[in-house]
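Quick one: the structure is below, questions incoming.
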Amino acid sequence: MIVTLRKEATEEEVEKLFAFIRDAGYEPRLVKGESKSIVELIGSGDLTPDDLLKFACTEKVHQIQKPYKRISLEGDRKPITINVKGRIIGGEKLIVFIGPCAVESYEQTDGIAKLISEYPVNDQIGGYILRGGAFKPRTSPYAFEGLGEEGLKILREVGDKYGFPIVTEVMSANDVPLVEKYTDIHQVGTRNFQNFKLLDALGEVKKPVLLKRGMSGTIQEFLLAAERIVARGNPNVILCLRGIRTFNDAYRNDVDVADVVRLKQLTTLPVVFDPSHSTGNRDAVIPVSMGAVAMGIDGLLVDLHTNPEEALVDGPQALWPTQGKAFIESINIIKKAQLEAKKYYITAEEARQQS
Amino acid sequence: MIVTLRKEATEEEVEKLFAFIRDAGYEPRLVKGESKSIVELIGSGDLTPDDLLKFACTEKVHQIQKPYKRISLEGDRKPITINVKGRIIGGEKLIVFIGPCAVESYEQTDGIAKLISEYPVNDQIGGYILRGGAFKPRTSPYAFEGLGEEGLKILREVGDKYGFPIVTEVMSANDVPLVEKYTDIHQVGTRNFQNFKLLDALGEVKKPVLLKRGMSGTIQEFLLAAERIVARGNPNVILCLRGIRTFNDAYRNDVDVADVVRLKQLTTLPVVFDPSHSTGNRDAVIPVSMGAVAMGIDGLLVDLHTNPEEALVDGPQALWPTQGKAFIESINIIKKAQLEAKKYYITAEEARQQS
Amino acid sequence: MIVTLRKEATEEEVEKLFAFIRDAGYEPRLVKGESKSIVELIGSGDLTPDDLLKFACTEKVHQIQKPYKRISLEGDRKPITINVKGRIIGGEKLIVFIGPCAVESYEQTDGIAKLISEYPVNDQIGGYILRGGAFKPRTSPYAFEGLGEEGLKILREVGDKYGFPIVTEVMSANDVPLVEKYTDIHQVGTRNFQNFKLLDALGEVKKPVLLKRGMSGTIQEFLLAAERIVARGNPNVILCLRGIRTFNDAYRNDVDVADVVRLKQLTTLPVVFDPSHSTGNRDAVIPVSMGAVAMGIDGLLVDLHTNPEEALVDGPQALWPTQGKAFIESINIIKKAQLEAKKYYITAEEARQQS
Amino acid sequence: MIVTLRKEATEEEVEKLFAFIRDAGYEPRLVKGESKSIVELIGSGDLTPDDLLKFACTEKVHQIQKPYKRISLEGDRKPITINVKGRIIGGEKLIVFIGPCAVESYEQTDGIAKLISEYPVNDQIGGYILRGGAFKPRTSPYAFEGLGEEGLKILREVGDKYGFPIVTEVMSANDVPLVEKYTDIHQVGTRNFQNFKLLDALGEVKKPVLLKRGMSGTIQEFLLAAERIVARGNPNVILCLRGIRTFNDAYRNDVDVADVVRLKQLTTLPVVFDPSHSTGNRDAVIPVSMGAVAMGIDGLLVDLHTNPEEALVDGPQALWPTQGKAFIESINIIKKAQLEAKKYYITAEEARQQS
């Protein structure tokens, strides 16, 4: 980190800062400028900008290194893959997380899983993971909130019947052991992305975590939330883009799908995308997903329903069965093209060296 | 609610929608327009826009009534007050929630409370509530996270010594019984404002809840989160503005203090404001608080420290002791003026009738 | 439009509103609800919500029809194409707008155009339009602001030499005649998207307009800005997405590329995308462009430079020559796939009818 | 400025950067860190971060000094005041800019000015400036756009009759000479805050400029727009906060009134606030204005109408005559209190020295 000092800073104030920096295990180095001086912190430790901002002589703090150490691509780290019963998330192939938004009944879930069981597995699509919520966070206190453990049982049973791993949302630290009993992947919803008690609890389980970006989460906050789970002991975190909250009213959320490109520049973790919640509009799901695949997404989270008009939750965004098939065809074609196009990719650094 | 129908809607589709509306306890009324037709829902029930959007014939849904029924000022409802050991929140006088961001030790907390014990109680300032965090949500997984139950004990002990009620943050449904044992008011942090498990648990306790607005929370979402606590059985919710997340980089957060005026137009609940977290800048706390008081805020949440340079959490925003005194003087003067100015207030409706 | 009436509205107030509505050429229809009444406006005219909001009895106004009449897909309108010297914008093939951010000299522009002259024209890529700024809007008053008319001449000369149509930015109504003399397409920058004097002037010229979305422009404002040009007499407007201003710090701007899908649902106009200004990061340009093509974009606006390290404007985002080639290869491959995948597309309405 | 170097940067690349820095009149100083090295630029010149970002060896650029040199409070600069025919903007007293949103007729303008002529001038309120638009920017191409020069004449005539200076909007560089003939202050609207041709033209006139913040303008962009006018030769710029565009739907705009406190920490220029356009809600104008005054605003821009129900533009936000009086009473009372409270203000730096 670099600290810009206030012009009026006294020597005594700066000494106080230096002592603090040394106590924290760094070596401070003063660089005098014409109008302002700066202090560089040499070494590494756990200081955050706030620790330095509180000193009277500090004007501003500039961060030089990424604060998410374990999941940063800095240094020699390589992207990781996560293997969920044979589905490799973060590899060459797409993984599709698909199912109803909420588990409503055995029949509903079974009907949807049956549709999925007919979808292809090939060189582009590596497999399917059945999704469905048993605990549903709802903004209105008067809306349907899921079947609870009954829903978990249904999802597990249907997943096993068709051979699909399952993913479902866990809403509090308290529920982690219960959900761990049934699920293959824990999903953390957008409203809980900084529920630190929940993240800490998930740092101690064995199963991977699919972490949705908070509606107002910056890229750094998103990565720090993932870092927390990893730092607590669980290395298998999947990042999920799902739209953010801004003034942009094109869709229900501002669609942040292009951020997959940025995340891939920064982190070792796989990145997936949820076109259904991002847009809230089933007619947008197919083209927006095609875009996500072309940009290099590792997987897609999609709502599918045998009859969206009867869905208890988020009906306007669920795909109809024939749309589901068109969705699979479309992403398959684009994934093939993306793998081919990828070979031509060249970074600015490589381009400069060739010029 | 009003449903705009798609132009292409078939009679069969509309009948399906009508049947659904009737099943939900409303009477649908069709109004044919030249280019489009609309359906008005007569009566009241629990349908949300999503329930209607999923139908094929629906183009758009317009909400006519507020979905937060219990805390809306619609109808004949009056603003409520909340009495916490004699401090009346939502009445004529300001209540000041003040103390360290985090409880660090008995000495630190006692030193700060001693300062507060010398502040005036008068016709403008109705009293003080000692604040301090024992459980601290932190973005970085490597930062200090509070003393836990030890911190609760210290806060309680110091509060009792000086005769202050206390307020402290509760971070999960699981911790509610523990915190309830010590605190006078439960604080819900911005990252938990849609932690529905926590809100539901707080709906079942006796003590009031101070609910901070989520960083990306719309006014309606904020009120629905409060409605949830009230609907679950706890009528005593205090709304707290604390800055939101937008592109605006004037301060750490985009300062949403003016929204107190809007909230007062919409809800029966008291509204307080946190200038320390909103701005993250101690030199801004006094003038921004003066503004909040002039706009009619019911209380202020402020960070105070005997030595901010040694604060373990959020040092850059805590007031120095002499600033604390200036803060009290300033809001006292403005509150007096606000009470006087208020008498001249006249709504557009009243103005129109007089013209 | 639909007006929700205040509960307290008097008969006299409502009559005043009705008279106003009738004067404006609509027929008001009153629908009494249990708690509130609404008024529907039958017919069509030029009233805006503000016209109705100012009445004492009005609580809220809901818009039913789109206010951008000439460019809306409502009714039987079909998407248009724009032919610029044989390059068809809005047709089946991609059009690539490419060149330096700013025209710096004849040599620089010629060197870049030479690179482009070697790019392929085929079933996926319909052609190239040479771009370059002669008038450069700059946030800092101390930065390079373009060569002015000298720059226009260079761009025209180089365009003619290689057979490329050209596009360049016009910054004020006053400059329109000058720019019209040289350019094939007028570009309106993001900071001018609501410079109404400029839009009005461009409504009266013959050449097409490429209109960039304002940094804080909603979809409706964007379409109303285009509608203004069309309403003033120039039907040939190309919409250009280029990133918006929100809290999202993944890139220089929040990348709004997915909004192409929404615009295609709403308007008859072609839609292009600028990956260079959206991201401000040359390593992101290729994958983000691939995404745009997969989502159905009609064209791309890209910065290319023979030596980005020497660019006078926006160097960090310009592609290196070898990246330029990789860019063309990549979008070509994805466009082919997109045309194939498009055949499978099915709307929710079609899906429902088949089920 | 400080440049963080990429880890992979070669010596040759760094030398290239150093040569460039020296050419621009700075001295580069290299500071080697354990993981990364940085370069500090000693001296001063006109380089912007973009100039340095385009080099291959650059990872990030940190700005140390403010890029708005002429209007920054850094160094020994003091806040300025602007004298408009005896009204001192930026002094101890409030200046109120008040009148109709649009000049509709002589009678309308005269009626409103007559109301204002009865308002008090005293130790709190230093005077009134009559406002009214002759050129109205409108989002919809189908709305009323002002009377043009006829409107300017009316405003001038009525201003002179009652002895009020006037302020009116100028929409393009082309119109500057015409508007300069009539007005006392040029107003730049939010949609034109980065219309650089207009700002440049206003840098060359004698009359002061009231510059509204752009809907998506950061504080730095806002100050750079003002700096541009000053750098071109006109030192008299008044900054005007008027709400920004974010997700926050409490009011028509996100009310940025608290940013006055930040601007006062950064710039020498006076700062005023427009509660009418910020909120779009006349019942909010009085309390929000009271807040602005308490936070130290130098002036207020308010819409007043003899009959808002008949206003041609922005009727929903204009005050009724009796509200106008209440507005003046209220801000008068709060201003008195603010002047008294201000004496107690103490910065963190002063507080620290006393502790």
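Chains: A, B, C and D, in written order; residue numbering restarts at 1 for each.
Assume a residue touches a chain if its C-beta (ideal position, glycine included) is under 8 Å from a C-beta of that chain, and two chains touch if they have at least 3 such contacts.
On a predicted model such as this, the values are computed, not experimentally measured, just so you know.
Interface comparison, C-D versus B-D: the pair with the greater number of contacting C-beta pairs is B-D.
Comparing the CA-atom centres of all chains against that of chain C, the greatest distance is found for B.
Averaged Cα coordinates give chain C a centre that lies 28 Å from the centre of chain D.
Per-chain CA centroids place chain A at a distance of 39 Å from chain D. The centroid of the Cα atoms in chain B and the matching centroid in chain D are 30 Å apart. Residue positions 56, 216, 244-247, 308-309, 348, 352 of chain B are each in touch with at least two other chains.
Against chain A, in their complex, chain B makes its touches with residues 16, 46, 48, 50-51, 53-56, 67, 137-143, 145, 171-175, 191-192, 194-198, 214-216, 221, 224-225, 227-228, 231-232, 244-246, 308-309, 311, 313-316, 318. By the touch criterion stated above, chain C contacts chain B in their complex at residues 2, 4, 7-8, 29, 31, 33-36, 38, 40, 42-44, 56, 60, 62, 64-65, 245-247, 348-349, 352. The touching residues of chain A, counted against chain C in their complex, run 216, 218-220, 244, 246-251, 254-259, 261-263, 265, 278-279, 282-284, 286-288, 290-296, 307-309, 319-323, 325-326, 329-330, 333-334, 336-338, 340-341, 344-348, 350-352, 354-355.
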